[in-house]
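In the two complexes that follow, chain A is the common piece, with chain B as its partner first and chain C second.
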Partner chain A sequence: MTTNSPGLATAGPSLSKQDAPAPAVAAPGRRRRRIRTTVEAYLLIAPSLAGFLLFLVLPIIGVFVLSLFSWDLVSTPEFVGLANYRRLAGDGAAWTAVGNTVYYVALNIPAQTVLALALALALNRKMRGVKVFRVLFVLPWMAMPVALGIIWTWAFDPRHGAVNHLLSLVGIVGPNWLTSTTWAMPVIASVNVWQYTGYTMLFLLAGLQAIPEQIYEAAAVDGVNAVQRFFKITLPLLRPSMFFVLITNVIGSFQLFDTVFVMTQGGPGTSTTTLNYYIYQQAFQLFHAGYAATLAIVLFVMILLVTAGQFLYFRKRTVYDFS
Partner chain B sequence: MLKPTTRRLAATAACAALVGLTAACGGSSSAKAGGTVTLTYMTWQDSEKAAYQASLNEFEKAHPNIKVNLELVAWAQYWTKLQTGAASRNMPDVFWDHLAYLPQLAKEGIITDLSSKIKAANLDTSIYSPKLLAQWQSGSVTYGLPKDWDTIATIYNKSMLAKAGLTADQMNHLTWDPSTGGTFVAALQKLTVDVNGKHPNQAGFDSKHVKTYGIALEAPNGQQDWWDFGLENGCQLQDKAYGKWTVNTPACVQAIQFEQDLRDKWHVAAPGSMTNTPNAADLPTILSKGDAATTFDGDWDLTAFQSAMPAGSWGVSALPSGPAGTGTVFNGLSDAIYAHTKHPAEAWELEQWLASAASEKLVADSGTVWPGIPTLNSGFATAWKAKGVDVTAFQTGSEGNTMGYPLTTSNTTFNNVVLQDFNQVWLGQMTPQAAADDVNTKSNAAITSGN
Partner chain C sequence: MSSTAVRRTLLYLALLAGALVSVAPYLMTLNASFKTTQGMFSTQAWTPAHPATFSNFSSLWSKYDMSGFMVHTLIVSVAITIGQVVFCSLSAYAFARMEFPGRDLLFWGFVATMMVPQIVTLVPLFFIMSKLELADTYRALILPYVFGTPYGIFLVRQYFRTIPPDLEAAARIDGAGTWTILWRIILPLSRPILATLATVTFVNSWNNLLWPLMITSSERTTVITVGISALQGQFASQFNIVLTAAAVALVPLIAVFLLFQRHIVRSIALTGLK
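Let's turn to the complex of A and B:
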């Protein structure tokens, strides 16, 4: 956005024409000009602002309002005050879903970030065919999550799936992955790690390439070894990319839905019912739209707190200017 | 999931645009163009599509001013689509209705009471099976005319039966009891083989490496498994229609325990890891792969068995009888008319046609589904006889001890909890008593809370 760019105020011919006859009184003219600048700026961002208000702010307010109602999507909504919030306090399934969501994030984010970083380091070199590898690793991210979910469900089929077949070749009897309350969530997490590592790797790779070569050269002169180089130079200077990647990936992980929907539908039992899937169940299977809105707010607050925490952590430690 | 904010925004915007678009061009998904009315008819069963399309073609021939679009939505999405469709007033004009959802649709006022139309048109409703018609009526209100019926029977692999030394006649007279298992379990033991060719009642049987299970039982809510065992054991799911759930009574829990025992104690039934919704292959696939020798399934799946298995390689027999005798779930569908359709007159024309003897005969004679008009039953049986399959076990079942679908306003909660808990019961991770108690408590609470 270029809302506060000074160029805007003098951009159009109409502006300069109007500016001309008011030089005598400086202060009011400036103020008028400032008002005009503001108005013009708002006019320019109006289309995107309208979209923002209509499709983002309004629905969010809608969700807050809806959380005060009992509604089955068809009948007239009935105002129930804070009843949905009281229900939440006593709803063990909701808190199980919160726990499952946190468990998923804890499985997904560290694995994905470490793998992506390792890949980025490996592919951050001038080597024949490196671009082919970069494309290969990003391919899963470009595929449809639902289609991938179906394919992975086949792969993890206990009797006819590829995974247990490969395990059997080395003498291991694979578990019933997706029907086991122990394994279902790790399988879902691994599918997502597989799918999004390449995407994360892209950002980290860009970050690595932005680190000036001279810093490494200077470090080499000082006799810094590879491990120190990684922890004292690469990692700290990668923080802007890391910051972006972690913020967006953590938010995305908290919102996990599609893989669960395709592969386990929240089961077995409630072992893979993430909060987002539970919201879907409440809204579109049980038709408790008001209660689902309440749960959506819980998810919103969770993400808000975690993201704020990440911001606070990174703000103090991030260097953007390498010069 | 892990998409940058811009992509998410773009997706939201595109989604909103799409929703706007469909709402704008869809309306109530029927339009009048040049005096022709277009109706939408929504169904869920892929295997019945061809027969209903043929019926609709006849209807269009007789009503040149009405066009009907047959829209197929899979069962797993069907009810969500209806509910969201009702919310956005983007509904099919006529659609398949199921007893499990009838009370909810009626309560929400989405479906039309046909009683005055039936009277005005002087329709003879005595042609329908009274048991079926009664389910769609409540007081003076009628929400649908019976279009078909279904029961549950045993489907078996003929060559596996022969290899185990069992005859079709024996299969028709199996009995079970919870303590010894009866002739039913004995037959399943013969049909179950591990990778070394051993049976579960032989020494050295390897329950971890079973090649073929005697039976595969799979049902998201119980219709094709524990409801039938329950009925055969004297269990009632409810104290009365629209009443309290009584799933945790001893007769029901014992029946559920019996099914868990088939898996975990006798090792003759495929484990939950193979049959649990949603990851299980469908029953015709399980049989065609040789993973199981028999199964319980409804007649609506006959076409699927016919296409999954070589012709003549499978047969149908009665369900085993239990301590309380024989028993099967007996259910039927009807067509509902959307209460706010823009074309009530045309929709009623379609409803009458679909429930007419002419249309039901056409559908039954194609071997698609048993008709709601009993005099046409033979057409269905004849169609299957021509394909070499004797399907009379379904009809015998319907004439014996049956239970209808539970009528309740808490169906969605019941389904949800059953799916969650019984998945664990079939994996041996929850006791039948605990599951039954949980299902009962939560489903009854949903009745009182009104949802």
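Let's turn to the complex of A and C:
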């Protein structure tokens, strides 16, 4: 491709030079150029497009087809019509998993967003060491969730963990975190808050830095106090960043799997069985892959609805320029 | 002390406490990997490992093919990272700068699939890979991610759009073609975003658990996430062993991150929301 592109390249400008004085031949020349650009563009996107169709679009169609089949991962799938959907209606465990997923999102997202916003506000100023702090706060983001699960299992261990030891120093007897149906999910949520707060902060910080200084100066002249400044200026102008951060974090949170897999295996009982984990269990431990496909559609629909809801909420209140 | 100085000091203290919470788990894990089983249970997490021992590493390596896990993961991650950077750049350029029928439809089609949860595609993908007789191969681990993800294309396209078009127009007048422009002008100017994409991709591939867990079954394709989570099940109470494994898994990530952190922090500020 490298060798023949100079040839292509010289063709372009020379054509346009010829066309310029004679409008009669301009149309076919421009059309040829347009066709060439189209061919070139499709060559450039061809690999990604092939991967997209084969490994994303085809499986998305496949999940709907598979949800009409009974399949044990090995033998030939057997058509069962809507049996998987009827089963879903009566499957209490599936709806528990849906509830657990929503509970996790409700614990995780507000905590993470508020903390990230506070951090971004704290770091959005000129002072020594700001850059070092930024890097330190982003460091947890790239940790392997599997390794994190191990580390936090240790930290929350009732007898040998750092958390209960620290609590004992102030006279509190810490619970047996991960075997408690009350505490297991908040612990898992806190692990993920720990991991993603810094990363979220980076996006919010970028949003804060995009707010023009003059607006604050003008507000100061008008005698606006700090609270008003935050709620009437900063927060509204931060909406595009908030929108982006919430959309992506909510989509991510609905898919919680790794930390559950390592820390609790969905337990105690089913208290940390998220929908994603339940789908995995159905497909790869119980070999109900057709039913797992049906459950995956449920997760898909949940994410679609919540994302659409956020779009509608933010659209009324903000102009978000994607392009 | 004036009140601003007091406030500044308090802010620093709060930030320091936050930074400590961010970093402490890494340091304590590294520390724990040098502790003996006895030291593990008789000392606190922050007590320095004394006497330090390498026995955790040697027993981990003697029982498990840790080097194998790391090599397998490295092969998969590097292959995916190279593919992502190349193919995302190519399609991002077409989407950012070229006029062609179907462009917006295709681009928004790509972006819309970011909403699709991974598991939706993975169950059918398992079926496809089994039919192609690729189950339990490196190809099955690499193929779904190597051609570029919607996220990567979106990220790079947003960055390309911040490059002034005049530069390209000038090059076109001088007779440069699309390929030359991409290679000589756009890519050299895009190093920060490409470094970011490479880091994010490497980190995600290195950390990926769900798909390898589904599609691989034999020792020769076991990646580090799958290997370590199996180990966790087996040695759940021997914290010094499993924490050593966690430390080993985290070291390459920290190295890659510290190498590219400048680019990442800046790229997010630049392209997160443009």
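We adopt the following convention: the second predicted complex is superposed on the first by the 274 of 323 C-alpha atoms of A that agree within 3 Å, B and C clash if a C-alpha of one lies under 4 Å from a C-alpha of the other, contacts with A are read in each partner's own complex, and residues count from 1 in each chain.
The rule is simple: a contact is a pair of C-beta atoms (placed from the backbone, for glycine too) under 8 Å apart; a residue touches a chain by one contact, two chains touch by 3 or more.
What you see is a predicted model, and the numbers here were worked out from it, not measured in a lab.
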| Touched partner set for A:His160, first chain B, second chain C, both or neither | both
| Thinking of the overlay built on chain A, is A:Val135 touched by chain B (first), by chain C (second), by both, or by neither? | second
| request: Return first, second, both or neither, reflecting whether A:His288 touches chain B, chain C, both chains, or no partner chain. | output: first
| note | Per residue count on chain A, the busier partner among chain B and chain C is C
| First, second, both or neither for A:Phe55, with chain B first and chain C second | both
| request: For A:Asn192, select first, second, both or neither according to whether it touches chain B, chain C, the two together, or no partner. | output: first
| request: Once the structures are superposed on A, label A:Phe257 by its partner contacts, choosing first (chain B), second (chain C), both or neither. | output: both
| So, A:Val173: does it touch chain B (first), chain C (second), both, or neither? | first
| request: Please indicate which partner A:Ala296 is in contact with in the superposed arrangement: first for chain B, second for chain C, both, or neither. | output: second
| In the superposed arrangement, does A:Leu73 touch chain B (first), chain C (second), both or neither? | both
| message | Need the overlap of the two footprints on chain A, from chain B and from chain C, as residue ranges. | response | 51, 55-56, 73, 145, 153, 157, 160, 248, 255, 257-258, 284
| query | Which bits of chain A are touching chain C when the two form their complex? | reply | 1-2, 5-6, 8-10, 12-13, 34, 37-38, 40-42, 44-45, 47-52, 55-60, 62-63, 65-66, 71, 73, 77, 119, 122-123, 127, 129, 131, 133-140, 142-155, 157, 160-162, 165, 194, 198, 202-203, 205-207, 209-210, 240-241, 244, 248, 251, 254-255, 257-258, 261-262, 276, 279-280, 283-284, 289, 292-293, 296-297, 299-300, 303-304, 307, 323
| task | Over in the complex, which chain B residues touch chain A? Could you list them? | result | 1-5, 9, 12-13, 16, 80, 83-84, 86-87, 108-110, 208, 271-274, 276-279, 289, 291, 412-413, 416, 419-421, 423-424, 427, 429-430, 451
| chain A-facing residues of chain C, complex | 8, 11-12, 14-15, 18-19, 21-23, 25-26, 28-29, 32, 40-41, 44-46, 87-88, 90-91, 93-95, 98-101, 103, 106, 109-110, 113-128, 130, 143-144, 146-148, 150, 153, 161, 172-173, 175-180, 183, 199, 203, 206-207, 209-210, 213-214, 224-225, 228-229, 232, 236, 239, 242-243, 245-247, 249-250, 253-254, 256-257, 261, 264-265, 268-270, 272-273
| query | Within the complex, which stretch of chain A touches chain B? | reply | 51, 54-56, 70, 72-75, 145, 153, 157-160, 173, 176, 178-181, 192, 196, 199-200, 248-249, 252-253, 255-259, 263-270, 281, 284-288
